[in-house]
Amino acid sequence: MILQFFLRRLLFAIPMMFGISLVLFLLYNIVQVDPLVMIVGERAMDNPEIVAAAVQKWGLDRPVWEQYLTYAGNMLHGDFGSSFLTKRPVLEDLQLFLPATLELALSSLVFAIAIGIPLGVIAGVRAGGLIDRAAWGLSLLNASLPPFWTGLIFLTIFYYFLGIAPGPGRLDPRMAFPPRVTGLVTLDAAFAGDWAAFANALHHLMLPTLILGGFTLALVLRVVRASMIEEMRREYVRTARSKGLPPRAVVVHALRNTLIPLVTLLGLAFAGLLSGAVMTETVFDWPGLGTYLVRAAANLDYPAIQGGTLLIALIYIVTNLIVDFLYGVLDPRVRLA
Amino acid sequence: MSAASSVGAIRREAPLSRRILKHLRKYPSLWIGLTILVAFLLMTLFADVIAPTDPLAQNLRDRLDAPSAAHPFGADELGRDIYSRVVHGARISLPASFVVVIISVVVGVLLGAVAGFFGGALDAAIMRTADVTLAFPSVVLALAISAFLGPGLTNAIIAASVVLWPEYARLMRSQILVVRAQEYVVAARALGAREASILFRHVLPNAWTPLIVKAALDVGGIILLVSALSFLGLGVQPPTPEWGAMIALGRTKFFQWWLATFPGLAILLVILACNLISEGLRNWLDPHY
Amino acid sequence: MMKRLFAVFALLLCLAVAGGISAQDAQSALIVATQLDDVITLDPGRAFETTNLVVHHATYETLLEIRPDDLVTIQPLLATGYTVSEDGLTYTFALNPDARFASGSPVTSEDVRFSWTRLKNIKGNPSFYADAVAAIETPDAQTVVVTLSAATPAFATIVTAPAMSILEKAVVVANGGTDAADADASDLANDWLSQNSAGSGPFVLTGWTPETEITMVRNDNYWRAPAALPAVTLRNVNDATTALQLLERGDVDIYENVDKDLAEQISANGDLKLEMGQTLNLTYLALSPDAATFTTPLSNRQVRQAIAQAVDYDGIIDGLLLGYADRPASPLPIGVQGSDPAQRYERDLDAARALLAEAGYADGFDLTLYIGTGAPGGIPAETLAAKIQADLAEIGITLEINQQPTSNFLTAFRAQELPFLFSTWTPDYLDATMWSDYFSFADGGLSKRIRMDIPEIAAIAQQAAAETDATARTALYQQYQTAHVTEAVFVPLFQPQLLYALRSSVQGFSFHPVYFLEFYTLSKG
């Protein structure tokens, strides 16, 4: 039954992906961008042989609909074409850039959960208290901060003026990168036993995580707080408290009930983190999907824009799928329909 | 509910100033937000009075000057007054995001209404398009669209509107489906009322609360989106004083921190105001929240 | 559970902070802080970006070379010399019998034939360097005879370009390379050549991690005196503040392309020194003289001259570039044959207004300035455009700025759609034709894109390109400059200087306008 559920949802995702790719393709062709200059370089444009070879290689001489059909057909085989700019297959590029984004998104998620749940519990148990109000203000501020600006300000203060945070990038330029296994520098450094690089990579994650994770933190806090308040009002909690049950047990119980909305939220948040990464990465020179997409956009590198956007959309769809699935597991009342 | 309304009934006789004060105490976030936003709106109206220096006037002798009496927010690479550019920048960012929200609300409400009301293939077509659009994270889609359309404020507005409309369409459609099923609408139809008049008489009044709360929230989000596009070089054309574009020019210059700080503060304040208003509106219009 | 989570988090935080403090031993390798995000391949047959040039100059060699200290004289390198046939169509190179690749094998005429044929047949972005080459013969292992399709006096200079580097055929072929006619599809050496080198240069490429670093070690088999540096690493550092901090701490030895606002701070630091590289790059304003397609007042020569006298050049160079730039009079940069800055336009608003009035535009007019993205000479394009907008406003010209992504801008420029713009021209090799071929003719180059059809300029350019006598050629290029100044179609804005910050222990700095840094002559005290 689970398999059926997954298959059905995946089948729904496929036309969605094609829809997305078609939208982008149509946009691209409405605007009539000529990618030739970018492909062969400005100087070689005067050489008809080079230009002809490029036109043929990239299929630019074929009618628009044929170009799309070829693209869509290749997509079925997992071939997303090659970037005009890097000349590498987009999929290869994405493999190169995705881990940096994943690392940042995951660390932001961990940060948001690690800080958001305890804060949410406290705020919920003592609703209206000092911590509750502080948390409310913080989450409001967080939701209002433009991440590309906050990143700059944090770098200016903590890096440039105070010198307690490292500069942009994933690792100090004087450090050697650990051998690439997962592409997540912290993990790779740990695998290699290179603890100096591990610590340095973690240090570099600090500021971008604070900024990217801040928004998710605010969401987690709100949800946990709301369910705590609700839980505290319940009969059994009042009974338990009156019977002298330690508050710890109450919190654990309440937390268990928070799990369902929290899972939904984290699924959404993860997708949000990916798009938030676009802005955060630009400021922190973080070589992830965001940096890749922004560069592709600035150069009208159509296959790269298409591939990068599709990947993010795919992650988005799959995350939602997993969330729905977990929802079913956590709450037996929800049938996997 | 009944207690609250009886309280309201007693207070109805109180003078206006007291009532406002009371309201203010009850929904502080709404009022603080409105105050900030009104301040910014006044700034757009009276920019020339508040900041008489021409935001485009260059003076290379003041290049990258730190904040001082002459330039309270410092000067940029061309010696332009950043204070004046921030104040005049409100004339770009605020109207732009209002326009985006208006376009999105109009388009979204119309399409959502059509989808909800007629159903069938039209509904499917509209809502699948909305689904596809919503499958993208908004920044990513806006980035892709404005990359293809090219830089310019109009294109940034189009890109942001494309990203935003589906949410209103969904909201509207669900409202319609709920209202349609309600007995009085069924009754009205049975009595021979025309579908369109049902729509406007019964559905819209019910839908406008969530629409307005959402629109208030979205104004902030759109300011962020448009300034983000400008920050990435896909927004306004130079030398327009736009906040995101100003931050971009300060990007590599930590040592001249004032380049990015002040336009960013302006964005922060406006978004904060919108979030406060939206939060306050929600509390006010929907006491169950 | 919560406590444990907190404990783990606190531990991670401590580790993170500690990581920022831990230092690393100084190494004897030279480390350069630069920007590597333009690198897409390191295959000399395919690369046509900027960073690849410095790498190719270190790891490969060309038959002839032009040294940084004398940009006019062509000197022998892998070839001991060359002769040119009378019709200028046949070049015969005699290879140096001592020349060896890093593998120890001698450099032979077959390697030359292979390298140049491969470059041509790959039909990649740098393939145009071999455009003139019609046939290559190898009568013996030490002799290369090149037949050109048309007389190209600049060919010897073209041979010095890094793209014309000689690769070891056996190594390239063993790694999938080919010079076959269908090499654009059948050559598979790109990946290998992006991580390794197959050249005879003083260094050997040992790796490239995109966006991160490029590593090279000394070629111990080098056929001349080995380099002083045991290894060179190029590190990607995008942020100026970080680059300077690294340099101050001694984590890097050279910081390339210094932010001009940091120059003063560097000069004041006793551990560092500031070096300047005068580029031959030219940022120019282009004003189309065309009246058939464009309907701008720019077709009037007096209007163009008025604009040339309205721009505040000193403001741009002293104010925005902090003085780190020069300015030639015509498209020929200072340092190129026949270029003389004395003839250049200076700002004279009264003269400009008088010219406009004479042309019938006393009240000015509206005009659009088209620009791409990027930062010529380190000034963001939008900032430079805003400056020009303000300058022209003083003579009544209302400028609208239209900024597009560079690829869009270039496409429109190439399609002859833009009457007024600024852009930057960078040389691929150091012959005056690198400029006169592109700024002169109605049917090619930048002059074609701007729809310039001025027979006088075209005629001088043609004559100068074919002139083999150096003195006569210089005289022709002087005429060429004068004609350009009068027409004011291409008005130079500046010729930027590149700044390098070095640890004072680094000796032997030199700058070359095509490949920039040379590691061979550098040493670390």
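By letter and in written order, the chains are A, B and C; residue numbering begins at 1 in each of them.
To be clear about the criterion, a residue touches a chain if its C-beta (ideal position, glycine included) is under 8 Å from a C-beta of that chain, and two chains touch if they have at least 3 such contacts.
Computed from a predicted model, the values in this text were never measured in an experiment.
The innermost chain, defined by the distance from its C-alpha mean to the mean of all protein C-alpha atoms, is A. Judged by contacting C-beta pairs, the busier of the interfaces A-B and B-C is A-B.
For this pair, chain A with chain C, the centres built from the Cα atoms lie 38 Å apart.
Computed from the mean C-alpha positions, the centre of chain A lies at a distance of 24 Å from the centre of chain B. Look at where the CA atoms of chain B average out and do the same for chain C: the two points lie 46 Å apart.
In chain A, the residues touching two or more other chains are 33, 159-160, 297-298, 300.
Those residues of chain C in touch with two or more other chains are numbered 239, 241, 373, 405, 408. Shared interface positions of chain B, defined as residues touching 2 or more other chains, are 147, 150, 233, 254-255.
Chain B makes touch with chain A in their complex at residues 128-129, 131-133, 135-141, 143-150, 220, 224, 227-228, 231-234, 244, 247, 250-251, 254-255, 257, 260-261, 263-264, 267-268, 271-272, 274-276, 279.
Of all residues in chain C, those touching chain B in their complex are 239-241, 259, 261-262, 315, 318-320, 373, 379-380, 382-383, 385-387, 389-390, 400-405, 408. Those residues of chain C whose C-beta lies close enough to touch chain A in the complex are 2, 5-6, 9, 12, 15-20, 22, 24, 31, 33, 37, 40-41, 46, 48, 123-128, 131, 184-185, 209-213, 235-239, 241-242, 245-246, 251-252, 373, 405-408, 410-411, 414, 428, 444-445.
Those residues of chain A that touch chain C in the shared complex are 33-38, 40-47, 49-50, 53-54, 57, 85-88, 96, 114, 117-118, 159-160, 164-169, 172-175, 177, 195-196, 198-203, 205-206, 285, 287, 295, 297-300. Interface residues of chain B facing chain C in the complex, by the touch rule stated above, are 56-58, 60, 63-64, 77-79, 147, 150-151, 233, 237-239, 245, 249, 252-256.
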